[in-house]
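Given below, in the form of C-alpha cells, are the structures.
Heads up, the next two complexes both have subunit A, just with different partners, subunit B and then subunit C.
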Partner chain A sequence: MWTLTRIELFKIFKKSRTYIAFAAIGAIIILIQLAMYSDGESYLEFMLGNINTAFEIEGNKLNGYFVFYLILHTLLVHVPLLICLVAGDAVAGEANMGTLRLLVTKPISRTGLILSKFLASSIYTLLLLTFMAVLGLGVSVALFGVSDLMVQKSDMFILLDKTDVLWRYAAAYGFAALSMITVAAVAFLFSVFADNSIGPIIAAMSVVIVATILTTMDIPIFNALKPYLFTNHMLNWKGFFDNPVDLREVLKSAGILVLHIILFVSLAVYFFRKKDVLS
Partner chain B sequence: MSFIIDVKGLTKVFKEVTAVDDLSFSVPKGEVYGFLGQNGAGKSTTIRMLLTLIQPTSGSVSILGKDLLHHRKEVLRQTGAIIEKPDLYKYLTALENISIMARLSGVRLTKQELLRQLERVGLAERATSKVKTFSQGMKQRLGIACALVNNPQLIILDEPTNGLDPQGIADVRNLILSLSKDEGKTIFVSSHLLSEIEVMADSMLIIDKGKKVAEGKAEDLLHPSDTLVQLETANDAETKKLLLQNRWSTYLQNGNGILLKMHRAEVPALNTFLVQNGVEVFSLRSKHSLEDYFLSLTTANQHVDTYPN
Partner chain C sequence: MKIFLLFCCSFLFTSTLFAQKEEALLQKVKAKLNTVTDYEASGKMKLDVSFINAAESDVTIYFKKPNKFKVKKAGGISILPKGGVSVNTASLLPVGNYQTIPGGKGVVDGVTTTIIKLIPTDEIGDVVLSTLYIDENAAVIRKAVVNTKESGSYEVGMSYRKYTAWGLPDKVVFSFNTKDYKLPKGITFEYEKGGAKPVEDKAKNKKGSVTILYESYKINKGVDEKNFL
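Our next item is the complex of A and B:
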C-alpha cells in the first residue's frame, strides 16, 4: 500500500497543475500580509468600529496571530476549490490519459489502488495546509510580532492571551485538515465515475458551493438539513477560538466529518471495484 | 498440449448489446495466437475481460491454469499487456514510466536493468526524455517495454501495430516473433488485418459480432490448397471454354469472371498453360479463400450512404 501511495505522490508532484494551488495560496497569503503591513490599522479601525471609542485596548492589536487568523478566515473558504483540482483528477485523470487500464491490469487489488490514490490526495491536502500554516503564521509573526489575539465573533470580541494561542492554531489545523479531506473525498468519489477530470472537479465544487449556501442561509427548512451537511461542520475550526472551547461540539463536528469521509471513500471503493474500465 | 489461456462460454452484455457471445477458445503455450475480427467485432471487449478490466456477464477464463476470477493477482503477475494504444504518463520520462510499471508489477529493478529493457526496444538513448516528445512508434515501443518489464509468460497485445509506419510495423512484428521463438513466450495478439496475423501467428481465432467464426492452426486455416485465382483475360468466354476442355476444369468455380480454386503450387503451371495457348492475360491474382471470407466479414456490415446533389 505504501509503495502504491509513494507512486501516486510521485505522479501528483510531477504534474504542473499540482503547484497551481501552492502558487495561488502563496500569492493570496503574501497579498494579505502586504496589505495588512501597509494599511492594517485602517482595517482594524473599521473592524472594531464603536468598540474603539467605548474601550481602550492596549498592546499590539495588529500582530502576527491576528493576521494569520484573518488569512485562515479568508482562505479556508476557497482552499476546497483548489483541493478539488487534485482529488477530482485522481481517477478521472488516469481514465482520460488511458493509464487507468494500465493500472488495473497490474497485479494490485482495485481496493488497494483506490485507497492509495485517496491516501495520496489526503497527503497532498495536508501538505497544502502545512504550506499555508508555515507561510501564513511564520511570515505574519516575523512581520508583525506576537501579542494577544483579538477574535471577532457575531456578537462579541474575544481576547486570547498570546500564551494561549498556539495550541488553538494547532488544533484548528487538525480540524481544517479533516474538513479539507472531506472535500477531497467528495471530489474523489465523483472522480471514480468520470473519464475526464473537469466533470468531477466541477461537480465537487458545485456540491461544496450549494451545501455552503444552504449552511449559511437561515431559513427553517434549510435549518433542518444543516446537521447533516458536512459544510455546516467544516467551519467549526473556529470553535477553537472560543473561550472556553466547547470541546463537545467541536468533537461532534469532527466525528461527523470522519463519518462523511468514511462514507464517500467506501462508496468510491465499492463503485470502483465494480467499474468496467472502458476508457 | 498445455494451454495458457482457456476460455469457456465467455459473454459480455452491455445493456442491450451483446458484445461477446458465448466465446470459447484455447491458446497453446509458447505460440503466437492471432485474434482476428473487424472493428467492433468484440476483440477489445474480450481482451479487457482477459485482463480483468471488465467483468464478464457469464463464462469462465482460466489463465496459466488458474481461474482468473479467484487468482487475479497471480495471473496478472505473469502477464504483460498493451490494450489498444500504449497510453503512458506523458509528463514523465521513459525511464520513470518503466520504473513505475516495474514497481506496479511487483518487480524491483536497478536503473541499469531498466535501461537494458529500454535498450531492447531501442529507446535507451531517450530514457530521460519526456514521453510527450515521443512519436507514436516510440510510444508503442515503450509500451511494449513496459509490458515486458516483469518478464511475463503471457503477453497480450491489442492491435499493436496501429498507427505505426511500415518500419515500425516490421519492428513490432520481429519483436513478437523473437519473443515467441527465442524466449518461448505465449503471445495473444489481436488485429483487424488478416495479412498481419498470417505472417506471425501459429494459431488463430476469427470472431464476428462477438461470436467465433473460425479457430485453428494457421497452416490449416491458411492451407495452400484453398488458394483462389482470379483471371482477367482479353476474352473471358473463350478462356473459360479452353479451361473446361482440360484438367483445369475441376478447379473452376461458379460465378462471374474466371475464378479457380487450387493448390498454391499449381498457380505457375496455370500461368504457363495460358501463355502456351496464346491467351492474353490482363491479370492473374491469387489469394487465400480465408482472406476472401474474412474480407466479406469485414465489409458485410459496412455501408456508405450517398446523397443526391
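Our next item is the complex of A and C:
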C-alpha cells in the first residue's frame, strides 16, 4: 500500500497545478503579514471597536499569535477550494489522460488502488496545512513577537495567556487536518464518477461554497440546518480557543468529520469497484 | 422671630463646623497620600465581566504624582475599564474647587467610617458627585462611590493591611457598569451547536469589576516615565 501511495504522491507532485495551492497560500499569508505590519493598528482599532469604547487594552495586542489566528480565520474558509484541485483530480485526472484503464489492469486490487490515491491526497492536504502553519506562525512570531492572544466571539471576548496558546494551535492543526481531509474525501468521491477532472473539482468546490455560505449566514432557518452541515463542524477548530475548551463538543465535531470521511471514502471505493473503466 | 434667627444662626454655625471637620479629615487623608510621590507595585489582577473571559494575571502597577497610573502585565495584555485610573486611591481625592457635605457615619468591612460627599464646583471635570467613606483612625478611604457625566457611576472598595501608614491599599475592587457586547456570527465565523439557546441574564450583564491584590510596593524609589507610555 505504501509503495502505491508513494507512486501516487510522485504523480501529484509532478503536476504543476499541485503547487498552485502552496503559492496561493504563501502569497495570502505574506500579504496578510505585510498588511498587519504596515497598518495593523488601524485594523485592530476597527476590530476592537466594540470593546474599546468601554475598556483600555494595554500590551502587545498585535502579536504573532493574533496575526496567525487572523490568518487561520481567513484561510481555513478558502483552503478547501485549493484541496479540491488535487483530490478532485485523483481518479478523474487519470481517466482524462487515459491511464486509468491501464492502471486497473495491473495486478493490484481496485480497493488498494483507490485507498492509496486517497491516502496520497490526504498527505498532500497535511503538507499544505503544515506549510501554512510553519509560514503563518513562524513568520508572524518572528515579525510581531509573542504575547497574550485575544479571541473575539459573537458574545464573548477571550484573552488567553501566551503560555496557554501553543498547545491550542497544535490541537487546532490536528482538527483542521481532519476538516480538510473531509473536503478531500468529498472531491475524491466526485472524482470517481468523472472522466475529466474539471467536473469533480467544480462540483466539490460548489458543495463547499454552498455549505459554507449556509454555515456563515446567521439566519434562524439556516441555523437549524447548521448542525447537519460538515462545514459547520469544520469551524470547530475554534473550540480549542475557548476557555475552558468544550472538549465534548469538539470531539463530537471531530467524530462527525471522521464519519463523513469514512462515508465518502467507502462510497468512493464501492463505486470504483463497480465502475466500468472505459478510459 | 428672635428664636427663629437664633435657630438659623446655630444651624449655619453647626453646618460650617461640621464641614470644617470633614475638610480637616479630607486634608489628613490627602497629607498621608502626599507622602507617596511614586510607587511600583506587584500584584494580581482579576477582571470579572460577563462577556470577557480573562484569567487572573500577575501585574505591575505604576503610579507617579499627580495622577499617572498604569497597570501592566509583563509580556502580556491587560484590560482595564475606561476611567480605570480610579483604581488608584489618589485619583479619588478632589482636585480644584469643591464643596463638602457631611454624610454621617457608615460601616465598611466592619470598620466605622465617616461619609463625606464632595461636589465639584468647577464644571470642567467629569465627576459630578463623589461619596467617600473615610476611616478616621487610619486616615484612609475605605470606599468611594463616584458619579460622572460621561462614564456613569462606579464604586471603589479598598482594604488595608501592610501599607496603611502610606495610605496604600492591599486590595482594590473597582465596580462599574458595562454595556452589551455583541458581534454578528457572520463576522466571527462561529461554530453553531444547535439546540435551545441559553437565556441571557440581562441584569448580570450590566455589572463588572476589577480586583487588584497588591502584594508589595516599592514606594518613592522613582518610576521611569516610559512605564506610563
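Here, the second predicted complex is superposed on the first by the 269 of 279 C-alpha atoms of A that agree within 3 Å, B and C clash if a C-alpha of one lies under 4 Å from a C-alpha of the other, contacts with A are read in each partner's own complex, and residues count from 1 in each chain.
Going forward, a residue touches a chain if its C-beta (ideal position, glycine included) is under 8 Å from a C-beta of that chain, and two chains touch if they have at least 3 such contacts.
The model shown is predicted, which means the values in this text are computed figures rather than measured ones.
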Discussion item. After the overlay on subunit A, what do you see for subunit B versus subunit C, clash or fit?
Written reply: fit
Worksheet item: Taking the superposition as given, does A:Pro107 touch the first partner, subunit B, the second, subunit C, both, or neither?
Response: first
Worksheet entry | C-alpha centroid angle, subunit C to subunit B via subunit A, nearest 10° | 180
Discussion item. After the superposition on A, what does A:Ala224 contact: first (subunit B), second (subunit C), both or neither?
Written reply: second
Worksheet item: Is A:Met150 touching the first partner subunit B, the second partner subunit C, both, or neither of them?
Response: second
Worksheet item: Which holds for A:Asn60: it touches subunit B only (first), subunit C only (second), both, or neither?
Response: second
Fill in: First (subunit B), second (subunit C), both or neither touched by A:Val77
second
Discussion item. Once the two complexes are aligned on chain A, which partner has more residues of subunit A within touching range, subunit B or subunit C?
Written reply: C
Worksheet item: So, does A:Thr3 touch the first partner subunit B, the second partner subunit C, both, or neither?
Response: first
Worksheet item: Between subunit B (first) and subunit C (second), which, if any, makes contact with A:Met97: first, second, both or neither?
Response: first
Practice prompt. Using only C-alpha atoms, work out how near subunit B sits to subunit C after the chain A superposition, in angstrom.
Written response: 40
Fill in: Contacts on subunit A seen with subunit B and repeated with subunit C across the two complexes
none
Worksheet entry | Touching residues (chain side subunit A, partner subunit C) in the complex | 50-51, 53-61, 73, 77, 146-148, 150, 152-159, 161-162, 215-218, 223-224, 226-227, 232-233, 235-236, 238-239, 243, 249, 253
Worksheet entry | subunit A contact footprint on subunit B (complex, rising order) | 48, 51-55, 72-74, 76-77, 79, 81, 83-85, 87-92, 96, 100-101, 103-106, 146
Worksheet item: Which of the residues in subunit C end up touching subunit A in this complex?
Response: 51-55, 57, 70-73, 75-82, 84, 178-179, 181-195
Worksheet item: Can you name the residues of subunit A that touch subunit B in the complex?
Response: 3-4, 7, 10-11, 14-16, 97-99, 101-109, 274, 276-278
